[in-house]
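Consider the two complexes below, in which chain A is the common component and chain B and chain C are the respective partners.
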Partner chain A sequence: MARLRGTGIAAVNYPTGMNLGGDPSQALIHATTSGSFNVVLAAADLGQGLRTVMAQIAAETLGVPYGQIVIQTADTDTGPHDMGTFASRATHRVGNAVKAAAIEAREAVLQLASEELEVSIADLVLDGRGGIQVAGSPQKRRDIADLASRAQFQYGRTIAGRGVYMKPKSDVDPETGAMDPDSTQAYACTVAEVEVDTETGAVAVLSIRSAYEVGQQVNPALVQGQITGGAWMGMSHALYETTEPCYPSRDHSPKDFAGYLMPGMAELPIIEAVVLEVPSSNGPYGVKGVGEMTANSPIPAIVNAIYHACGVRVDSLPVTPEAILRGLDALAQGKGAA
Partner chain B sequence: MASVVVAFELGGRPVEVLVSPLATLQQVLRTQLGHTSVKDGCRQGGCGSCTVLLDGEPVLSCLLPVEDVAGRRVTTLEDLTPVDGLTTVQRAFLDANGFQCGYCTPGMELVTKALLERNPAPTRADIAEALSGNVCRCTGYVPIIAAVEAAAAAGSAAAVVASEGATR
Partner chain C sequence: MTAQYHVVGESLERTDGVAHVTGRTLYTADLAFPGMLHLKVVRSPLHHALIRGVDLSAAERVPGFVRALTHADVPHNVYTILGLIGVEPEEEFVLPVDRVRYKGEPIVAILAETEAAAYEAVGKVQLDLEELPAVFDMDEALAPGAPIVTHWGNNTFMYEGHPCRRVRYGDVEAGFAQADHILEGEYRTSPIEHAPLETTGCIAVPEAGRFTVYTNTQAVYFSLDNTSIILGLQPNRLRFIGGTVGGGFGGKVDVIVEPLATLGAMRTGRPVRYVYNRQEEMQVSSTRSAETIRIKDGVMADGTIVARKVTGLADCGAYSRQTPYAITKFAANATGPYRIPNVWVDAYCVYTNRTPTSAMRGFGVTMGHFAIEVQMDKIAERCGIDPWTVRFRNAHRNGDVKPHRKVTSDATLIETMQAAARLVGHGLPPELAAMTSAPRTEWEGER
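So, the complex of A and B:
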């Protein structure tokens, strides 16, 4: 009986979004009387930070401070259509829609500025701090919040923008079999270290270390949060979470947190990651997606590390102590495919 | 059964509530007293999201009939949060990104406060032990541990300043 250590590796490529059936997101933006901008979405923030990154994208595009953006989400009665928050699609799809809507709203502000300053739109630049100025003449300046407010009371105009992004439906070419199956690919590779106790069958994960390539990061702290949480979820899926086994019958399946197992703080491995940025060609400011994929590669990396440690090759999840002990028995009897 | 009046202290102020017998403290805090930082994750003692402090100690309010807190001191995150600004523990969670959806956060922060009062310099094992009843589905716990450690460090720095002030 021993504690055996092993190292496993696994990689993932992740095709951001739902690519095969037509995948649209929309955004509407309008300026309020206070000069802030409301961004109206039906897309939901699950806690991953959608509101934060959408506000960053809108602020960047409109050239106003982050605090001047108000994000309204998750009401399908009042928001424009969205396919939803899943498949790591929101930053890419909704972000593209927000950027397009912000560009249209920005055009309306620029139009007003060009009339007041009596120059053509082509001669105007955004200063990124909430102002519009004539290129080369910083004293000829208008405040965007001010313009947006006066648009309503002085000019009787709207400052608004509509945005949509859609990955079109892709059919298989019957002649060639070709199709366009994805929008953009994010990549990751994970190395996991485990220790297997051959007496109890228990597996301890010692470390989960990954490298990610996720396009341009809008918010690196939120990306790190996704990666760390995803590593834990992958470990949980690999070793703990299941509605099975339920001996002796289904009535005994887990119904609460006492029966449905997940690793806690005491079981945490070292979780580390590095992130490379290679901008995508079609995401807003070059983003890809980083969400779901963070829980993918840790799972096969852990299972491969178990194989490396003790020779037991498990092909169904979770890898329970029972599965390890049965695998070790099979190996001992010479039946295992070591 | 007839409703009963229960009197206790909430955030330093006396409150009286008219409740059905066996109403939980969680229900009463959320629906009658508006303290929605007290979350409603499982209602069976498994997740820690409903944690409140009872006479300074963390308890699961979903398992506690409100009659049991008669005459005692209840504290929620609403009670601790300054009108302007944040507590040391809240600041540490914010700086460490110790949450994503935030559903576990009030429970995590109250348990952390109670832990640091009892043990100002906890080890990782102490932290894991104290927070073992609090489930987080989002963060992988790593930034939560970092937040507790940062809150402990900030607390001991403040204590040093305070004691230096006192000896002067």
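So, the complex of A and C:
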């Protein structure tokens, strides 16, 4: 018996969005009289941090602090239409809608400021902290909060914005497969290191190290959260999970977490990632998105590392200890694929 | 580049983080309403069977039993989730009429005053089923004489008259003829559960002639619109409230619980709670499809792939749900991040008598990446080059045309691989370290 170590790599692309049925999202924004902004959406937050990311995009565009944004989402009596949170689309699609709505609301604020300061809108700049000033004359300024209050009580005007982002439906050519299914592509390359126990067939993942290129990050800590969770899920797909352990037979299917194998905290490897940012041409502030893809490259990287470690090629997932041991037996008998 | 922005690019504290980690976030199942009923369903114990009869008499005598819902109660009983974007035909029964197609398929819904009474009544429903031959293996399902799962006479989803989604690009046979090596691989993957901490569920509440549905769906309008079709209600009589989901991963894109719960609220005038238990989440809610991916690559001696033929099979179970869409996405990504000039793909959505499969994280792409990236290592080994080099030599670059005719843009595979090599301290040969994703020159394009 031995514990054999190996390293494997994998590289992947991942498409943002899936628009074969058309893929729209809307956003509405209005200012309160105290100068905060309510952003009304219908997108679900799956725990990835959608509310946070949308608040950041709105704050950036409106030129106000993050704390001045309230996100209200997923009540169909108030929220405008949204396709849903899937296909790694939300930061890109909903983010574009929020940005468009924020630009429209910002125009209304700038219009008021230009009238009060008697300058053209083109001469105004946002300071990013809730202020508007005349370019080159920082003493000539207005607070967005004051403008919002006067808009309601003095001028009787709205400060509001509507935004929509839609990638038009792309029909697939049934003969050639020609189609335009996505908006942009993000990339990942993972290097996994494993240790195979040749007596038990058990595989320990020692490290999952990756580079990602996801366009502009809106919130790098949330991106790292996705990367860590995805690496864990990919490792689980590669080595542990199935609802049908005897597939295609349906026997011995698990009914709860006690019978459904997943790696726990104790099995977690070193997970490390660097993130490159190359702006996309069509995402808000150059966003591409990072959601689903983080589970992808760890799977083949781990499977390739197992081969590198012990010479066993397993082409079926999950790679169970039984599959490893059978592969080692075949190698010993000179029948291995290696 | 982050510095050019004030807020974008900052790791600000998430707005809901403290509530999540201190257990204060309210999820759907935390809600309760006065007079709320509990809905549980009677599920088929057989994989494939004719329904001869359903006897509710013993169930009706359970204290707390309120009423049952059968197929006769459902206004529009056959639907397809993707019908909203024009996918046909309608195929899935909310409650089947005379045939069940998978073990666990709902037959009758029970409404009761308590969850315990609902379970007890479910256990007392007598089913008279006549077992039919079932099919579980995809190759068997495609073979002549297989039990037919669908109502249109074969076991594949039909794509504009074809039994599979096709990609045809270049001349794959000419590519194989030109190749120095032919590499064939068959890759298989297993059904996988989304395993959210929060199980799928909703509560439907009648309010002034309308129904408010609290749900953990990933898509409130998608769920609302499908529920409106199934129940024959104008959409403005429905209000869906959600937005906080305790784990989705694609498992909460199906629309299964909301129509039945809302129907229960319509028929009783009372709030109705339908939340999966863990066993339902594991065994009845959709999983990731099992897939079989067969790849044949024609490769030059230097590792350049010149032709790829792919046959993909995805096991959608008894109803296709989102799987036909995933297969199209699979077909569009059959070359991964690589430039291959001759490509042929046939990707099938195969029906079997299994729990339906549907969307899951990486939808059609994750398992394709597994097959492609293991295949890349085999190519490297066959050609005697290292795994990094084979990927750089085949990497797609901006301006390259993909097999589905989309011109590559925003490409950064090469730069991402260079960054990964730096991260792990792997020295790349100078010619790989110098590569970029910039469009090929005219001379390079000749390759």
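Definition applied: the second predicted complex is superposed on the first by the 315 of 338 C-alpha atoms of A that agree within 3 Å, B and C clash if a C-alpha of one lies under 4 Å from a C-alpha of the other, contacts with A are read in each partner's own complex, and residues count from 1 in each chain.
What we mean here is this: a contact is a pair of C-beta atoms (placed from the backbone, for glycine too) under 8 Å apart; a residue touches a chain by one contact, two chains touch by 3 or more.
Fair warning: this is a prediction, and the values are worked out from it, not measured in the lab.
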{"item": "Partner chain in contact with A:33 - chain B first, chain C second, else both or neither", "value": "neither"}
{"item": "If touched residues of chain A are counted for chain B and for chain C, the larger one", "value": "C"}
{"item": "Touching partner for A:137 - first (chain B), second (chain C), both, neither", "value": "neither"}
{"item": "Contacts of A:266 with chain B and chain C, given as first, second, both or neither", "value": "first"}
{"item": "Which of chain B and chain C A:232 touches, first, second, both or neither", "value": "first"}
{"item": "Touched partner set for A:49, first chain B, second chain C, both or neither", "value": "both"}
{"item": "Touching partner for A:120 - first (chain B), second (chain C), both, neither", "value": "neither"}
{"item": "Chain B and chain C contact sites that coincide on chain A, given as residue numbers", "value": "46-47, 49, 221-222, 233, 256-257, 262"}
{"item": "Chain C contact footprint on chain A (complex, rising order)", "value": "8-15, 18, 20-22, 42-47, 49, 51-52, 55-57, 59-60, 63, 65-66, 71, 73-77, 79, 81-87, 128-129, 169, 172, 174-182, 184-185, 187-191, 209-213, 215-222, 233, 237, 241-245, 247-250, 253-257, 260, 262, 272-274, 276-281, 285, 288, 291-293, 295-297, 299-301, 303-304, 307, 313, 315-318"}
{"item": "Touching residues (chain side chain C, partner chain A) in the complex", "value": "1-2, 5-16, 20, 47, 82, 84-87, 103, 136-138, 159-162, 165-169, 185-193, 195, 217-222, 224, 238-250, 253, 278-279, 282-283, 287, 290, 325, 328-329, 331-333, 336-337, 345, 352, 354-355, 359, 361-363, 365-367, 369-370, 372-374, 376-378, 387-388, 391, 395-396, 403-406, 408-413, 415-417, 419-420, 422-424, 426"}
{"item": "Of all residues in chain A, those that touch chain B in their complex", "value": "46-49, 221-222, 224-225, 228-233, 256-258, 262, 264-266, 268, 271"}
{"item": "Complex interface listing, chain B residues touching chain A", "value": "42, 44, 46-47, 97, 99-103, 125, 127-129, 131-132, 135, 138-145"}
